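Both complexes below contain chain A, partnered by chain B and then by chain C.
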Partner chain A sequence: MTEVERHSYDVVVIGAGGAGLRAVIEARQRGLSVAVVCKSLFGKAHTVMAEGGCAASMGNANSNDNWQVHFRDTMRGGKFLNNWRMAELHAREAPDRVWELESYGALFDRTKDGRISQRNFGGHTYPRLAHVGDRTGLELIRTMQQKIVSLQQEDYKQYGDYEARVKVFAECTITELLKDGGRIAGAFGYWRESGRFVLFETPAVVVATGGIGKSFKVTSNSWEYTGDGHALALRAGASLINMEFVQFHPTGMVWPPSVKGILVTEGVRGDGGVLKNSQGERFMFRYIPDVFKGQYADSEDEADRWYDDADNNRRTPDLLPRDEVARAINAEVKEGRGSPHGGVFLDIASRLPTEEIKRRLPSMYHQFKELADVDITKEPMEVGPTCHYVMGGIEVDPDTASSSVPGLFAAGECSGGMHGSNRLGGNSLSDLLVFGRRAGLGAASYVESLAERPVVADADITAAAKLAVAPFDPPADGVDAENPYTLHTELQQSMNDLVGIIRKADEIAKALDKLGEIRKRIRGVTVEGHRQYNPGWHLALDLRNMLVVSECVAQAALRRTESRGGHTRDDHPQMDSQWRNTLLVCTSPGGDPLAPDVAVDAKPQDPMRQDLLELFELSELEKYYTEDELADHPERTA
Partner chain B sequence: MTAVAENPVHDTSQIPAPEGSLTITVKIQRFNPELDDEPHWESYDVPALPTDRVLNLLMNIKNYVDGTLSFRRSCAHGICGSDAMQINGINRLACKVLVKDLLAKKGKQTTITVAPIKGLPTMKDLYVDMEPFFEAYRAVKPYLIAYGNEPTRERTQSAADRERFDDTTKCILCACCTSSCPVYWADGSYFGPAAIVNAHRFIFDSRDEGAEERLDILNDAEGVWRCRTTFNCTDACPRGIQVTKAIQEVKRALLFKRI
Partner chain C sequence: MGYDAKLKVWRGDNGSGALQDFTVEANEGEVVLDLIHRLQATQAPDLAVRWNCKAGKCGSCSAEVNGRPRLLCMTRMSVFDEDETITVTPMRTFPVIRDLVTDVSYNYTKAREIPSFTPPKDLEPGDYRMQQVDVERSQEFRKCIECFLCQNTCHVVRDHEENKTAFAGPRFLMRIAELEMHPLDVADRSDEAQTEHGLGFCNITKCCTDVCPEGIHITDNALIPMKERVADRRYDPIVWLGNKLFRRGEN
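Coming up: the complex of A and B.
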């Protein structure tokens, strides 16, 4: 029998970013015992890197804003592929979640009358992002970390034990979800420091593990983003949707090489920064796509007036949704009008006074000063696209965040549907709060409804342990030993080059061949040393997740023969209404648990509820929908 | 704990050497509790660009030379606060220190020494036990304390009130300050600067009603009065927080019973 430390909880949350912590708070408030398991130290989650803000139609900066406008912006940003129910819940509930966070103690920048200030961002009709300078994600995590400390101190008063109801398992990785007759029964993993195994017996798991960016070479994501939750859920029998949609943030640092990919907040453009090519031209005016014609300024004068008078002018195309801006930058560079290091220029220096730049964008000022030796108050930044966010993820029920596997819930970046084919900036932090809370509630209700607890089988624990230590065994006869880092580098390179921002069928096919090769070689991955804090071993395990997730991305990308949002096919450059309502669903029919098989199937999405559909003008819907889909529209039948 | 000098030769030829790189020596304090009684130094001659950060060098050593080299890192640009370590004897985040700022004078070989932060138990290599640090953080009640009914929208706060405690909200809990404090080295029961910074963040928040409770905690024998105003903490803070000033403000609040 494998030696394993055992714990029992009502709910286990995997991931301590924004979504995970919000789920913990909710499940704890419902009276359940909760464990939160995270790969890093508590409070260091990827959410800290969100800079610009949290979108919520509080209407503090422009009283015309309301949830319907936010809903419309979100659907447009996602090119109408979004799960409309998730987009609706998100737009309706985001203001309450922000106010609630303020009541927990979060710091926000304020309006003159002391309310939460809101800033402009790409794709949002009104200034909508609640923010703290350019460190909003850090404040969001810190606030929820503080809230959890306060709940633990309440529990101490009541039970004499800080960890009676909420316990944090930091620097601990889950490698396997265990089931009992189709339902979740537990989660198996290891302590990163000691390498010792740990088993959580629990009827409900909330996966909140974030994204998959570490499958790409140039990314703004940190090392944790290896698609763990995506892979765990897939292997446990859940389905992933929209995996072909990967967001490349238009503005990452491009120079020096050591910092390539690090994010430059969209807040730079929200606060007046503009994109220019090597000829000094503000090129975005040439890239307003048909679906957004009429909604954006078509001259520099109008765009500049908009910052001060948004009611009578249209916004600058520098603030088009991220997919549009990233493609435009890519095209400028390709046509030879890029900056010296292969990006374009982002100019705030000539647009705002020095002190104002330092006040509004302090982190950006320091980031460029310290890492690139560039003073952004005096010279333009060089920026280019960087892999930033995956729209695809675990398919969930919008109201309860439940996956198709009983007891398995998902929230935040690792869930799919909410953002459709492209996420608007600022909609991630609000997504975390809205659906983190709903996942906590969904898991709590599920646990309360159970007549009996599922049981983890000993054989499953043994099998999970065996799979985890496989990299310490010498490879089987005829299999070459492989360094996990080498395989990781090759995987990142081919995803970056072949399934990146612009895709073609033959290149994706090449990537799939490469992934097939890695799938064979991964069996030879061997690591030195012992289980005690051994980063090489950790990477060997994370690599399995990156491989299966990359296969999902590449297979779905090959299948979708159109361009939409975060999926651009050079060989199918148009958006195709026939595809609008089609979801590509990835499942795993089984196979070797080291590198499970992936199947992709198409299925239609439920049509949008009539009252929501009527929030849009027919003329706008006609740009996205097929004739047949609109045949029953009231304006048509009237 | 003195590290015993020891210099096994490491094959670093697998590390890619980009154009314009020079070879520098990275001397790392290594410790594996399974094998070693004491920490020891190991040196690695690695290619480096002046624009590389120390974190890049450590990643290269881990990826190409020794997969067991242990250190924390996450966001890699100074926001998460995971990779605090002593670089040439000074507490820094490895992701924010550029090689060009550490280069030796012309003609001399550059050596960069890297050791774990002090005052916290070393678990392995550069990896320390952060629990005592977080215990002190939790002890100062680092959360908003407010009585009365929960508001349905936001509480209002004037720009001036918000500005009052802006500096201490920038803390990323990296432990650079606390582990540079000689008082903390000598006596781990002192709360340390980071905990006081996080208390300050709430004591001076106009929305908070728990200042008195927190000031009582900080008035304790292990509280603010242990501070000897050496300014190590302020020098070490990668966020530029005026840590010593914040501690002084808390002392003053205690002396004059007003914030």
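Coming up: the complex of A and C.
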């Protein structure tokens, strides 16, 4: 029998970013015992990297804003492929979730009348993002971390033990979800520090593990973003949707090479920064796509007036949704109008006074000064697209965040549907809060409804342990030993070059061949040393997740023969309304437990509820929908 | 552009360890963490280092470079001469787990001992009103990325293990100041700062401020104002007399 440390909880949350922590708070407030398991230290999750803000239609900066406007913006941003019910819940509930944070102690920037200040961002009709300078994510995560501490203090008063009902298992990695029959029964993993195994016996798991960016070479994501939750869920029998949609943030740093990909917040453009090519031209005016014609300023004068008078002018195309801006930058560079290091220029220096830049964008000032020797108050930044976010993820019920596997819930970036084919900036932090809470509630209700607890089988524990330590064994006869770092680099290069921002059928096929080769070679991955804090071993285990998730991305990307949001096919450059209502669903039919097979099937999405559909004008819907789909629209039947 | 950099990296665990010499390629624009990663990928695959964002935002990769507490991801190689040997060691104040990774649980224990934000009982979410100028003082302290370099460098605990139980450290004394200055926090915190969390240990040598990668004025803006509030409360003779006469301290 494998030596395993055992714990029993009502709910286990995997991931301690915004979604995970919000789920913990909710499940604990329902009176359940909760474990939160995270790969890093408590408070270091990727949410700290979020800069610009958290979108919520509080209407503090412009009283015309309301949830319906936010809902419309979100659907437009996602090119109408979003799960409309998720987009509705998100838009309706975001303001309450933000206000709630203030009662936990968050300190957002203020308006003159003392309310929460809101800033402009790409794709949002009105200033909508609650923010703290350009470190909003840090504020969110610290606030929820401190809220959890306050709940632990309450438990200490009641039980004499801070960890009576909420315990943080930091630097602990889950490698497998275990089931009893069809239901979740537990989660198996290891302590990073000691390498010892740990088993959580639990009827409900909330997966809140974030994204997959580490499958790409140029990314704004940290090492944690290896698609663990996506892969865990897939292996447990859940389905992933929309995996072909990967967001390349238009503005990552491009120089020096060691920082390539690090994020430059959209807040720079929200606060007046403009994109320019090597000829000094504000090129975005040439890239307003047909579906957004009429909604954006078509001259520099109007765009500049908009910052002060948004009611009588249209917004600058610098603030088009991210997919549009990223493609435009890509095109400018390709046509030879790029900056010296292969990006374009982002100029805030000539737009705002020095002191104002330092006040509004302190982290950006600091980041460029420290890492690139660039003073952004005096000279333009060089920026280019960087892999930032995956729209695809675990398919969930919008109201309860439940996956198709009983007891398995998902929230935040690792869930799919909410953002459709492209996420608007600022909608991620609000997504975390809205659906983190709903996942906590969903898990709590599920646990309360159970007549008996599922049981983890010993054989499953043994199998999970065996798979986890396999990299310490020499490879089987006839298999070459592989270095996990080398395989990871090859996988990143291949995804970056062949399934990146612009895609073609033959290149994606080449990437799938390469992934097939890595699938064979991953059996030979061998690591040195022992199990105590061994990064080579950790990478070897994360690599199997990155591989299977990359296959989902590549297979779905090959299948979708159109361009939409975060999926651009050079060989199918148009958006095709026949594809709008089609979801590509990834499942695993089985295969090698190390890296199971991936299958992709198409299925139609439920049609939007009529009252939501009627929030849009027919003329706009016609740009996205087929004629048949709109036959019953009241403007048609009237 | 590239050159061979000379590094000494401390390797070992809480039992024993030693500096190990490495020669590793360094390229233009790189930071110390890039070189540590290159060592992992090419020479020492099991070299343990904690890191996350590699952008100075998460505070994970704290260590000491040539004896100075720093974030490895924000320490540019260009600040050293090419022929200089760079010594990288784990934070000294916390027990080593392995190589550059230390056990920072002291900080999480201290975080739990600070009473949490206490809003007025009748204030509903959505009704919070605060002026920008009033939130800015606490906002400065909330820039903290919890890298714990201030805790590491503070001489009260750096070589005095015995002080750890009674001393919250600059990061968490600053947390008390942050809540004390929060426009809507109603808890009274200054007495406890002195009696429970060890504010009196601090003799304002500003080492914490010097190493803060976020440039927070920990000493001037958090610790000294807290000391002043404590002094007003505990040592002002008129307040002292008032407390005696009206027995305020006993309620």
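Just so we're on the same page, the second predicted complex is superposed on the first by the 638 of 638 C-alpha atoms of A that agree within 3 Å, B and C clash if a C-alpha of one lies under 4 Å from a C-alpha of the other, contacts with A are read in each partner's own complex, and residues count from 1 in each chain.
Definition applied: a contact is a pair of C-beta atoms (placed from the backbone, for glycine too) under 8 Å apart; a residue touches a chain by one contact, two chains touch by 3 or more.
As the structure is a computational prediction, the values presented were derived from the model and not from experiment.
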Partner chain in contact with A:K44 - chain B first, chain C second, else both or neither: both
Touched partner set for A:E139, first chain B, second chain C, both or neither: both
First, second, both or neither for A:W99, with chain B first and chain C second: both
Partner chain(s) touched by A:G590 [first = chain B, second = chain C, both, neither]: neither
Which superposed partner A:G516 touches (first chain B, second chain C, both, neither): neither
Touched partner set for A:R115, first chain B, second chain C, both or neither: both
Contact residues of chain A, present in both the chain B and the chain C interface: 40-44, 46, 48-49, 99, 102-105, 107-110, 113-115, 132, 135, 138-139, 142, 146-147, 149-150, 152-153, 193, 222-224, 256-259, 262, 363, 366-367, 370-372, 483-485, 527-530, 532-537
Chain C residues within the chain A interface of the complex: 13, 27-31, 34, 40-41, 45-60, 74, 76, 97-99, 101, 104, 108, 111-112, 115-117, 119, 123, 125-126, 128-132, 135, 138-139, 142-146, 179, 182, 185, 215
Residues of chain B that touch chain A when the two form their complex: 18, 32-34, 49, 51-53, 56, 62-64, 66-70, 72-82, 96, 98, 123-125, 127, 130, 134, 138, 141-144, 146, 150-159, 162, 166, 169-170, 172-173, 202, 205, 207-208, 240
In the complex with chain B, residue positions of chain A that touch it: 40-46, 48-49, 58, 98-99, 102-105, 107-110, 112-116, 132, 135, 138-139, 142, 146-147, 149-150, 152-153, 193, 222-224, 256-259, 262, 363, 366-367, 370-372, 483-485, 527-530, 532-537, 539
Residue ranges of chain A touching chain C (in the complex, touch as defined): 40-44, 46, 48-49, 95-96, 99-100, 102-105, 107-110, 113-115, 117, 132-133, 135, 138-139, 142, 146-147, 149-150, 152-153, 156, 162, 193, 222-224, 255-259, 262-263, 362-363, 366-367, 370-372, 483-486, 489, 527-530, 532-537
